[in-house]
Amino acid sequence: MDKIRESLLKKSLASKIERRGKAVSLFCLALIVGVVFLIFYFVASRGLATFFQNHINLWQFLSGTEWNPGTTGANGQPDVGALPMIVGSFLITILSALIATPFAIGTAVFMTEISPRRGAKVLRPVTELLVGIPSVVYGFIGLQVVVPFVRHTFGGSGYGILSGTFVLFVMILPTVTSMSADALNAVPRYYREASLALGATRWQTIYKVVLRAAIPGMLTAIVFGMARAFGEALAVQMVIGNATLLPHNLVSPASTLTSILTMGIGNTVMGSLQNNALWSLAMILLLMSLVFNLAIRYIGRKGKLNNER
Amino acid sequence: MNAKRTDKIATGILYGVAALVVIILLALLGFILIEGVPKISWHFLTAPALAFEAGGGIGIQLFNSFYLLFLALLISLPISLGAGIYLNEYAPQNTVTSLIRTTIEILSSLPSVVVGLFGYLFFVVQFKLGFSILSGAFALTVFNLPILTRSIEEALANISDSQREAGYALGLSRWETVTKIVVPAALPSIITGIVLSAGRIFGEAAALIYTAGQSAPALDFSDWNPFNISSPLSPLRPAETLAVHIWKINSEGIMPDAKAVSAGSSAVLIIAVLLFNFLARWLGKRLYKHLTAE
Amino acid sequence: MAANNSMTTDQRNILKFDPQQHEIALATEDLHVYYGKSEAISEGDLQFERYKISALIGPSGSGKSTYLRSLNRMNDRIATVKGKIMYRGLDINSNDIDVYEMRRHIGMVFQRPNPFAKSIYENIAFALRQRGVNDKKELDEIVERSLRQAAMWDQVKDDLNKSALALSGGQQQRLCIARAIAIKPDILLLDEPASALDPISTSQIEDTLLELKQNYTIIIVTHNMQQAARISDYTAFFNLGKVLEYAETGDIFTNPQVDLTNDYISGNFG
Amino acid sequence: MKKSRVIQLLGLIVIGVLVGFGYTNREKTNAGQSITAVGSTALQPLVEAAGEQYSSNHAGVFINVQGGGSGTGLSQIQSGAVAIGNSDIFAEEQSGIQASKLKDHRVAVVGIAPIVNKQVGVSNLTQQQLIDIFTGKVKNWREVGGNNLPITLINRAQGSGTRKTFESYALKGHASADSQEQDSSGLARSIVASTPGAISYVAFSYLDQSVQAVRVDGVRPTETNVRQNRWYIWSYEHLYTGQRPNQLTKQFIDYVLSPAVQQKLVKQLGYISVHEMQVQRSAAGKVTAVK
């Protein structure tokens, strides 16, 4: 009798295990969060040096069109205009998302609404497989197939925004498709039943009810795809041509933040202006992925509110 | 009448779009495999790469890829398991938790180049690990942590609370309940998550170029002592992986058969990723069956 | 008998035991349970006699499950429990008490059978092993004894290594009871253990409980009044977060003192 | 629990013993006997191959060769993190590097030739024409005697050694116009091969049937012409060390400069041996005769 009383008042083995386990798991989580902050710190400390140590004007950096950190431009300051890369990155991201969206949503609708069985058996596994294809392989195909195709069809050298767009389109298509399909699947079945029961055709149901309800989920999918496209490095670098020029058409060589970054980082000396300027590009990438993230969160939250209302 | 016709047209268009996407995707797979598979031979899979002669293989790169994958999983799995458990089982529902979740999502959407450059600055330069397997494994860990954490957290969340209650009612601590009951029950989906993330690690190149390096020195496959630098197990040797190799020969290769090697390597990479996917499905189903019924 | 609310809410009839004649295994004093700001249990003070079956009945939402789950502090994470829960002279609702140790003495079986995704044998042996019982022979013995007590040894003795999830619902629930008693608790709390089962399984579980009563103090929540009448020694009637009546089962079903109790057991509401 | 604890413990012990065994049995001879060379990816195959040969001749020595680019090589050697920094360019040409603190070992010469797409119809250019083309003054091949095709410039990445050499010696220091950039010779060549009107420049080792190498002022891009500096678009490949390299580093560099490497490996990889050069050139570009 008394033994039980006593044991109740003591710390049991389970309590000790619990405390230790909780501490261990919290530590793991803290580690991950720590890594994120470390990344931000390191990239920012290098990236900001361009502005604080080398005294480059931020506006000049963002709006300048001459990228040649080794030489001094007309205004007596080094040429570190990142605009061509920024424009290239955005252009390629937006274009590939624009092309991918109708395809992805069409396929997702087909998968979930028109032919769920075929969707589950064929389309789903195939798209999920393709999500896992390494980006270098996409680059390799871009080089072998897309670039010659663009050259023959649209002229120019084949290297440029258009080729990059095609490669990224294929790259983000599986991701956006499978996430959109998830969003469509999350629309409750009774929405469809109610609409069909009211005499709407299947297409009317899809268009007026299901797609409407799934808009936030699909927006998230698109933004997620854009984030992937924006950060993609090697596949794009292989096909875009890497010219630090403002692209004046879609088939002229251009560059993205990532392509200039991977190309240049080995050729510059740590701590020099050339190197710092590249880190500033990395910082823009980092900030952009932050923006994409916030956008996804915002859309998600708004979607939730709308559905609740 | 009108609505019906629209319905027909729309359905037709959707069929068309879906078919087009399938064609694009299958053509993609087909192209890689048709270009690459004829190049694959036992010699190609095992021989070391040759810098300036034809007939080199990808043996060392292939080994490096698997070794790096193994190390990266070895480091990232326990951490993400712990973090996933904390997030799903302990974390209170408040702003701090949601902030932490956002942080992890940010990490998961970081461009892999940025992760690679961070790895270069932090592990290669700061910690003086050089271009080495270890640096590469750490960079891949950073890359993999958020993906794995999220998939583990989801897997745990899918286990019904009644399982947890059963554990608590037996006087087990929450930690014991989670590690001994919930995690085993979630194992099928956790394994699926691990294998799928393994596929992504396997194909990652941008994060490795400036961490694991772009050279694959000859290895002495009779020496398995990790302290010898020519040993395959040595964690401090530079290690070009298959994905990096594809990138490099496409850009720098001076071997006469660069195109063939690159096509073959791409095919090997795709086949490996495909195998990972099938393995994930198969293992998940197998384990699930094993758990639910004998 | 039309219920007059202002009258009936004041009507209460709570049995108090004489400590000299009845051994009290568990008792609550001034217990209040809150979900956020809303109060789920406002008046719920009961004493439970040792080696008896006490049933908690009442309409759904009356707080009987919440009350039961507070007894071994399963509600700690989701609700605020105030007041005393007296067990062996200790208030187990205090921070000094080791919750995990306490739950080993106050076990629980849930409404839906929840066996672990492990073998039948492991379902029972697992918790023991966590607490240092490693001897194979001892484990075998405990597993057999628990399964026998739960009246399912004969059905599963050849399939001990099969997954517990392959069992039928009734068998799963009895496995959960076997699992709960394998660690030899003092008190067994059951939260509508038969509500998800067919009549045959239900009666088997009831038989099992009557067997177990010799060694365990049992507190059971049920929505099935016949069940309460069949197996329990004492019955408490809950309504709107309050215990309105607590008495010997025979008394409550034949001669309820509170009007609402009468309404409920005669099927007029609930 | 207990049994599994025992197994866990045993496993740990076995691993511990294995690691300890491995540590004590490691090849002690090479514990202090490995050097790391980092840098230029163009030079990497040569140093790698030389390192492998050296190791097989000198048991227990390991030469660890890593890429990363010339800039990385120079900054790593400057910070003292590695024994050798591989570079395609003079340390003096790289900003952020104090060349006086480093010691230069020139181990090979690489000739660089302009290449054009075969449809261009040009196989000879004057240096002035070359400069006009790369600075963007001339935009069509017709203007320099070729077919009616617009000119597509393919440059190498900024900061790359090949580009610096080409701009210094082929373009007489003129910076080339903004254009496509590729950071690798292989890509540059395949782009030129497949793009009508394209012009770029690659090291001699990348010249092949798919592209047209261009003569400059009638001089052919051959090794013989480089040796005599008649073909002046060439550069050294450098192994940089600190002012006082250690014994092993010195021996290895001597080995790279020995006939065993210079006669065979250097040639196989398409470089020109430094010993065969009849001229030498300083960082500032001043050319003097050897001997």
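We just call them A, B, C and D in the order they show up, numbering each chain from 1.
The rule we apply is simple: a residue touches a chain if its C-beta (ideal position, glycine included) is under 8 Å from a C-beta of that chain, and two chains touch if they have at least 3 such contacts.
Per UniProt, the chains are A = Phosphate transport system permease protein; B = Phosphate transport system permease protein PstA; C = Phosphate ABC transporter ATP-binding protein PstB; D = Phosphate-binding protein.
Model, not experiment: these values are computed from the prediction.
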Inset, instruction - Grab the C-alpha centre of each chain and report whichever is closest to the global C-alpha centre. - result: B
Inset, instruction - Have a look and report which chain pair racks up the highest count of C-beta pairs in contact. - result: A-B
Legend entry - Centre-of-Cα separation between chain C and chain B, whole angstrom: 48
Inset, instruction - Averaged over CA atoms, how far is the centre of chain A from the centre of chain C? Could you give it in whole Å? - result: 53
Legend entry - Centre-to-centre distance between chain D (Phosphate-binding protein) and chain C (centres being mean Cα positions), rounded to whole Å: 80
Inset, instruction - Report, in whole Å, the distance between the mean C-alpha point of chain A and the mean C-alpha point of chain B. - result: 17
Inset, instruction - Could you tell me which residues belong to chain A and also touch two or more other chains? - result: 14-15, 18, 143, 238, 262, 265-266, 270
Legend entry - Per-residue multi-chain contacts in chain B, two or more chains: 125, 171-173, 176, 210, 250-251
Inset, instruction - Note the residues in chain C that touch 2 or more other chains, in rising order. - result: 100-102, 105, 130-132
Inset, instruction - Enumerate the contact residues on chain B facing chain A in the complex. - result: 3-4, 6-7, 10-11, 13-15, 17-18, 20-22, 24-26, 28-29, 31-32, 35, 78-83, 85-87, 89-91, 100, 102-107, 109-115, 117-118, 120-122, 125, 142, 145-146, 149, 171-176, 178-179, 196, 199-200, 202-206, 209-210, 243-244, 246-247, 250-251, 262-263, 266, 269-270, 273-274, 276-277
Legend entry - chain D (Phosphate-binding protein) contact footprint on chain A (complex, rising order): 66-71, 143, 147-148, 151, 157-159, 238, 241-245, 253, 255, 262-275
Inset, instruction - Could you please specify the touching residues of chain D (Phosphate-binding protein) with respect to chain B in the complex? - result: 19, 22-23, 25-27, 30, 34, 36, 38, 41-42, 44-45, 48-49, 51-52, 55, 62, 64-68, 81-82, 182-187, 205-206, 268-270
Inset, instruction - Would you mind writing out the residues of chain C in touch with chain A in their complex? - result: 87-90, 92, 96-102, 105, 130-132, 186
Inset, instruction - In the complex, go through chain A and note every residue touching chain B. - result: 14-15, 17-18, 20-22, 24-29, 31-33, 35-36, 38-39, 42-43, 46, 102-104, 106-107, 109-111, 114-115, 122-123, 126-130, 132-137, 139-141, 143-145, 170, 173-174, 177, 200-204, 206-207, 224, 227-228, 230-234, 238, 258, 261-262, 265-266, 270, 279, 282, 285-286, 289-290, 292-293, 296-297
